[in-house]
Amino acid sequence: MPLAMQAADLYSFLEREFPQVGHMKLEIAELDEQSIRLRLPVSEQHLRPGGTISGPTLMWLADLGMYLLVLSQIGPVALAVTTSLNINFLRRPEPVDLIAEGRLLKLGQRLAVGEFMFFSAALDEPIAQATLTYSIPPRQ
Amino acid sequence: MPLAMQAADLYSFLEREFPQVGHMKLEIAELDEQSIRLRLPVSEQHLRPGGTISGPTLMWLADLGMYLLVLSQIGPVALAVTTSLNINFLRRPEPVDLIAEGRLLKLGQRLAVGEFMFFSAALDEPIAQATLTYSIPPRQ
Amino acid sequence: MPLAMQAADLYSFLEREFPQVGHMKLEIAELDEQSIRLRLPVSEQHLRPGGTISGPTLMWLADLGMYLLVLSQIGPVALAVTTSLNINFLRRPEPVDLIAEGRLLKLGQRLAVGEFMFFSAALDEPIAQATLTYSIPPRQ
Amino acid sequence: MPLAMQAADLYSFLEREFPQVGHMKLEIAELDEQSIRLRLPVSEQHLRPGGTISGPTLMWLADLGMYLLVLSQIGPVALAVTTSLNINFLRRPEPVDLIAEGRLLKLGQRLAVGEFMFFSAALDEPIAQATLTYSIPPRQ
């Protein structure tokens, strides 16, 4: 099944709806029918004292990444919303680019469930793992 | 047991360690040995298109609130970190002040577990519920 | 709003659909429009070596309790199913009756979210906390 | 690093500590330093009316599987306990053998975090996904 929105469509959507995201230079490195790979350049605003990337930055990126993954499948459906998020913080992130690898575990009529694994560009072990549930409104 | 840090101590701590939080006028409305009540004035930066408070704002406030609750009990212990967060988004927040009510479910030697319920100032039903786990380093 | 099913209806439902539960003498101690209180007599089959109630027993009771709470509100709707469960184990249960206090955080058209706190009859601090999400099928 | 316990050791441990598990013919199909693969033959006691495997059976197997995975790494350490479990039910299980694939996301000094994906022997899409946290007591 072809994607409802390609990476270029998602960038346009972000610029229009979330202009503040554009300034972070978030990169959609890969996108296919099941998965997405995002890269967030390290920047001052995401660092905690001590030079680590903050937990809320990871949660924000999981939430946004899941939204992009669902949009890429079903298009810009109004009212699709996150209903739950569970995250485990595993290791201290390095102050380098943040990689988020997401994949759909389920895309149903009413619910989508996805998983994101986070990596520091410099590491091969995950720094965090998140699962998210999305509610999809009835489609006409 | 007296609190290790009172609200005034927590404000000073926030100003020193998280100067950006000070600008949000976050208020510690109540604090005792088991619980904390926070009020976050509504502001442009936390709103989504459509005038709702964003999910990441709730997650950020749960993470910060749990940190303050643990600090108030054990003092400014280095290396205490969130290890997991689970959040359920229940209702669309109103674009009004956000209330977060947190309480400790457990404060052990190594782990603290807390729960936060979120309310819009205008509503009596919760808009979100979160549970968080905190790892506490060995104390000398 | 009156309950769709009272405690007596729920007992009949359990006997019919889950005959093995009847043998455990599970008691519905309280039931109203928002909450349920269950008591499970301690029994050999729920104990771990060392005399503690097993984690799977708590998870089973959370799952069953949420089902009963949803049924009491909407009646015996086919295909209502648990979609997620999150549980935090807080303290070692005592080998005494297990108390589960559940309440609905949300009962929407499509999703119900509830929370359960578990207690040993002998203790006043919770031994576990669980949140559950239930998917409700479209009603005719 | 060699395993602290091989599959044969885990079977002996189960027979000794959880004799009721032996009767279920749970099979440890694969085991290495990071992962475990379990197969549970379908049996009457795990089925719900309608012929589906019950949610509590999946949660019980996730809990047991994580325990075996941690044991295989650190040996039969007393007092290692599950501290949290999060599970997403994705699809209706078929009434066939249940496959659980677990892997360690982190094995720290104090906490272990693992993930389990569940499959029906007949399907290639997951029927459930769980993450678990384990507390490891200080080692002498």
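Letters A, B, C and D name the chains as they come in the text, with residue numbers starting at 1 for each one.
Criterion: a residue touches a chain if its C-beta (ideal position, glycine included) is under 8 Å from a C-beta of that chain, and two chains touch if they have at least 3 such contacts.
All values reported here derive from a predicted model rather than from experimental measurement.
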Result of counting contacting C-beta pairs for A-C and A-D, higher pair: A-D
Chain whose Cα centroid lies at the greatest distance from that of subunit A: C
Whole-Å gap separating subunit A and subunit C, where each centre is the average of the chain's CA atoms: 34
Interchain centroid distance [CA atoms averaged], subunit C/subunit D, Å: 23
Chain centre separation in whole Å, for subunit D relative to subunit A (CA means): 29
Sites on subunit A at which at least two other chains make contact: 83-84, 86, 88, 133
Interface residues, subunit D side, partner subunit B - complex: 83-84, 86, 110-111, 133, 135
Footprint of subunit B on subunit A - complex, ascending: 17, 49, 55-56, 59-60, 63, 81-89
Residues of subunit A touching subunit D in the complex: 86, 88, 90-91, 105-106, 113, 115, 125-126, 129, 131, 133
